[in-house]
Structures are given as structure tokens and as C-alpha cells.
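Once you've had a glance at the structure underneath, I'll fire off some questions.
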């Protein structure tokens, strides 16, 4: 592998190991399952039940799938908050001073949320699914799992941009996370189809990889066999990945820019 | 009385400077839009009252969980808990005053919800029975404060319970019939739901927004108030336990 | 404002802190007896971990004793908690305890309310307090922007806002610069003039000597002795240390012998790289040592006062006080 590619990958790997360790300081398996996961599952149930209020089994399924999948995106976005840990822990200047580029550190820093997001969304979709009339055949399930991975990866790239922006104002990290995730719930086809909102809202939603990944999963849910819909699904997922790649490049550029700006203005400090 | 007033004033001053605590009030109107989008998309304008009430109740509870619930813990971390214990004024009164301030402020969520519905969807949800609505709102606020006092004491007594703080939101929204009335839920849930004051509040508030007269208003308000009073009682008992523990062992919480 | 009873009375007070596992626990206070008459400024002198803060907390009713008895103003701290809380004011050292997002005035108004004040009385008292600690100009600024010294003064105001008859000051000058510390001593004098009783804990002998009417020494949860401040200053001058530096190597052994012969010298030894350390145990022996060194052509000479641990070692040894039962 070319040298200039190896170094970033290695950095990502170490950063990720750091991130994984951090996570288990916050959670024990028990508190993650009964605390975190149960809250996610109840949230899915809460929204899916609205379909019961509206007396529409179709709506129940629609809301269920949307809310189960959106968790993958939420988890990816937690990185907006955790990226700031580098600044708050005071390691940021040390990283900036190091010879290798900054962006791989941030790419790896928050990946621990991806496997847990995968676990949460999968638990919701596959375990709770039957309760809400959503069943999966094995090929479907595999495809859905793959789609979740795509959503997670591409949303993570988008989250990096927000994380980079938040680095400059760490006290906004919670507001940004909460507003971003709520808006996602609103416009990305989670609760209502994109067509419900005005055109310009739809355009914004299309810039979010989740919108396309979710569409792919909905397609898979409608069709018992994967074959006939494979093309449509793959297209949607490719679009999601492509958009994710654009976000990733934006994030790398932004991070290096910010590091440069910070060096000049002296705003990179040892403790936020 | 002095304690209540002092705690109340103090908390209002503090909240003015701590935007972070009231962040829920930023996302609350967005939640209104989410709920309304679902009901409007299904063509059910008659359910607009449901869609407008749910996020307000969610905001009320969430703020109680994360702000009121942390009041005592905040004092402990600030190093001001022991000095508070050392004063002649009852600490329970002060904490209650602080909780009341937070609760009252979180009622802004209701106004925000109505405003968001009008601003984005042009929907104005009429308050058909204003007296019933106002009474229900007051009772709900009282009950929320009472529940918050339990949260506040429990979270400082037990760190391990505090780890589950995040998961004490949505289960109660389901049980509380905040959007989907308890009547539409499976039967076995009802006993659990009826212990959560939210279920009564949501029902009465919804009824006050619909044309039909509100049945058994006084009785239902009575239940809400009773649940709230129980909350206060339990909260104060637990607070006393926490302070006793602090005085006996030098630390306030169990691990 | 004088009380008929003794302001503070402590009898066989014991406080044990349990460890995590079933260990017997640590006795932070072990059978302490202490009487402080009304109007006295009483110092409690001891190193960190000696039990000073524990005693303050018990007297403030924030901590319960394991056994024994303590009363403030004639009221038992366990049975008459409310009465005790009405007459004490406590200032814990350190920076925590203030509401940094509020202003100085708002902080004091809150605590004044906690002592039962209200309305006009409250506002007037807060104004007076702010003036007494010299924070009137910054009264409406947020505490988070205050310097360490200003926060310390605000702490003091907070402890005094209830107009307490008995004031507990737990290491109040921690982190204060010398100027602020001197101002603080004036303040303690004012408290005495008001007729209040003050219990001041510290690990600084000079401070205890300057401010207190009597000083009790504490170590490892036990009271060692109660002294007049004069005794402290005599210790300071008795147990001195003189360090000589840059002594030519060939002269060291000779000098050591000479120094040992000076009356009042307790010990002499060579210290690296080229120095000599002399310890005295008689008052005013140090100047003689210094003179001898200077006469011998050694110019790099420094004296230091003993720290608390060293003094303790001396007086414990001298009086044959047992440290552990």
C-alpha cells in the first residue's frame, strides 16, 4: 500500500482503540443494555404506536422502520460531542504539534459508536420488528444489515464536519447534536415521506446520507425477495456513500484549516 | 416559606445564566413540527391537539429529569451542599423552591408548541375549555415538581440509578400516554400507566381541547394532585435520608 | 453579645470513618476534649489530615460524632441541631462552595436568606457585609471572574452573613497572598471585638501565633496540648535550622566540630553538595551559629524556621507525649 495512505490508516486504528476504551468507561454492559438500549427501543415503540392512534398498520410499519434506522444516524452523530473530547482533555495542541496530519485522529476518535449503533438499530429492527408487523427473510436481513453499515459510515462522515465546526465552540456541542438529530428525524423520511415537506426542505434532506440509506431499507422491507429490488437498493446505497465521501473530504479540509487558523490565532489551548 | 422563596429566586437567577439547562426548549418546537407532520400527512387535523400537547409534556418531563433531577447533585459537586446543611433554614424547602422555578420555566414549552403549530402549519389549536385547561396545567406542574423531587433525591443517593437517567424518558412517555392515549394501549399496561401522573394529565389536557365537556374533572385533578403530593413526600423523605447519610458517613450517596 | 456558657465544649469526642471493606476504619478524631470560653479566638494547629476539618464539621452539625459529646453555646450538636445552626457560621477553606455564575451580591443574598433574613434587613446586611470585605465595587460582577483572594473574602462574608456568635474558620487563608492574609487577621480581630467566639484551624504556626488567644495542637485525631501563642513563637526561635552553603570541602570537618561546641546546637551534619546544616534546640542559639559561620568566612548562610512536623517531633519527644495508645 502506498506510504502516504498507510500512516493515516494506522493513526485511525490507534485513535479508534482510544475511543473504544473511552466508551467502556462510560458504560458497563449492563448499563448499556438496560439503560441505553432499552431507552432506544422504547423510543421506537413510542413513535411506532402513533400509527395505532391513526388506526393505520401501514403507518405503524412506516414509523417503526424509520425510527429504528434513524438510531444508526444518531449514534454516528454522537461523535459531534465526543470529537470535542480531544480539545477538552487538552490533547489537541499536542496533536497539532505532531508531524502527521490531524484528520485521521478525528476520523478514528469516535468510531466506537458505530458498532454500538449497528447493534442498537439491528436489535430494534430484527427483535422488535415482528411485534410491529415487520418480518425479514434472511437475505433481506443481510441486505438491511449492509445498508445500516452504509448509513453508519456515511453519516459518520457528515458528523465529522459538524464535529469540526463545534471544535471552535465546544459549549455548543450538545445544542448542535440535539438540533441536528431532531431535524434529521423531521425531514429525512423517518416520520413522513420527503414529499410532505416543501421542495427546498427535500433538497436539504437529500444532502443527508441517511435519507438515501433509509429509502433503501424501506425498499427492502416492501419486497420479500431481494433480487427484484437489488438495483434500486444498491443505487440508493451508492448515493449515500458518495454523499458521505463528499462530507469526509469536507471534514478533512475543514479540520486542517481549523488547525491552521488555530495555530495563527492562538486559540488552540491545553484546556477548553 | 422563606426557604421556598429563597430557593425559587436563586434558581431563576441561575437559570438565566445557564442556557444549557433549557436546551430542551430549543428542540421542543421542532418536536411539535414532527408530531404535526405525522398527523397532517395522515389528514387527521382533528388530532392536532394531540400533536401539540405531546411535545410540551415531553419537554416538561425531560427538563425535570435532567435539570431538576440534578439539583442536589449540583450542590454536592459545587461544594455548597454541606454549607447548606449547616444553615438553620430547612434544606427541603430550598430544594423544593428551586424545583418549582425549573418546573414553571419549563411550562414555556406549551407556549412554544402552540406557536410552532401556528407559525409553520398555520394551525391554531383552540383551548375549548380554558378553565379546565388552566387547572390541569397547574395540577400537572405541581405533580411534575413532586416527581422531580423524587428524581433529585434518588439521583444523589444512588450513582447506579443515575446511570439509567437517560432511559427514564421514553418509557414514561409511552406509559404516560403522552401521544397515544392509554386507552389505546394493551390492557395490561393500564395499571402501570395509572401510577404515572402523565397519563391523567395527558387525558385531561386533551379533553380540555376537544368540544365535548370534560368529565369528572375534579376527581381526575385530584388524582394528579395526589400523585404529585406523594412524589413530594417520597422526595422529602429520601432527601432526609440522604442528609442523614451525609452526616453519618461523610458522603452522601451509595456507590 | 456574650454567652453565659462556654461557647464550645467538647468531651471525649470520637469520629471514625469506615473504610470500603470491613476494615475497622480510621479514627479522624480520637477522644478529644476541648473547651473554648465565649469571646475567645482559639486556634487549632495541626498538619493536613490531623482532624481539624472533621472537628469543624461536627461542630457545624454537618457530621455526626461516633461517640462523645459536643455542644455549641450550650446546645448539643446532635440533639439540638437547629439551635446550633442558628448561632454558628462556618467558612470552609478552598475555592468551592460559591455559585460562580451568580454575582457576589446574589450569592450573599441567597445565603442571607438561608439564615432566615428577609426583605430590607437582608439587603442592608448584604450591603454591610460587602463593604466589610471590600467587595462593594465588584458586588454585581459574576464570581467566576473573581481572583482567588476575592473568592476567599466572599467565602468569609458568606460564613458571617448570619451574624453568628460562634465562627468556625477552617483553613481560611489557604491560597491567600501575604497581603490578603494580613487583612484577614485584622478581620479576625474585628470579630473578637464584636464579642464573637472564633475557632480557627490552620497549619501555619505564624498565623496561629498572630491571631489567636490560645492555640491547641492536634495531630492524628488527638489533641496534644493547648498553649499560649508566646509558646509558639518561642518554639520558632528555639528550633531553628541554619544552612551554610559553598563551604570549601577541606574545612567542613573542622567547622562541624566547632559548631557542635556552640551551646544550644542540637545537631550538625554535612549536606550535599558543599554545605552544613545546623539544628538548634535552645532559644536564640541560631544567631550565635550564624556569627560563627560569618566569622569563619562563610558568607552563604540561610536560616529557616521549623515546620510543624519538626516542632511536633521535638515537643512530643520532650514531653514524652504518647502518640498512639
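First chain written, first letter: the chains are A, B and C, and each begins at residue 1.
Simple rule for what comes next: a contact is a pair of C-beta atoms (placed from the backbone, for glycine too) under 8 Å apart; a residue touches a chain by one contact, two chains touch by 3 or more.
Since this is a predicted model, take the numbers as computed values, not measurements.
J.: So, comparing C-alpha centroids, which chain is the farthest one from chain C?
T.: Between chain C and every other chain, the largest centroid distance is to A.
J.: Of all the chains shown, whose C-alpha centre falls nearest the centre of every protein C-alpha atom combined?
T.: Most central by this criterion: B.
J.: Between chain A and chain C, what's the gap in Å when you average each chain's C-alpha atoms?
T.: Computed value for the inter-centroid distance: 56 Å.
J.: In whole angstrom, what separates the CA-based centres of chain A and chain B?
T.: About 30 Å, centre to centre.
J.: Taking each chain's centre as its mean C-alpha position, how far apart are chain B and chain C in Å?
T.: About 47 Å separates the centre of chain B from that of chain C.
J.: Would you pull the chain A residues touching chain B in the complex into a rising list?
T.: Touch list, chain A to chain B: 31, 34-36, 38-39, 42-43, 45-46, 49-50, 52-54, 56, 59, 63, 171, 174-175, 178-179, 182-183, 185-186, 191-193, 196-197.
J.: Give the list of chain B residues in touch with chain A in this complex.
T.: Chain B reaches chain A through residues 20, 23, 26-27, 30-31, 33-35, 37-42, 44, 47, 50, 160, 163-164, 166-167, 169-171, 173-174, 179-181, 184-185.
J.: If we count contacts the way the header does, which residues on chain B are in touch with chain C in the complex?
T.: Residues of chain B touching chain C: 2-3, 5-6, 9-10, 13-14, 17-18, 78-80, 82-89, 94, 246-250.
J.: Would you pull the chain C residues touching chain B in the complex into a rising list?
T.: Against chain B, the touching part of chain C is residues 17-18, 57, 60-64, 82, 85-86, 88, 90, 92, 94, 96-99, 101-102, 106, 109-111, 113-116, 118, 142, 158, 162.
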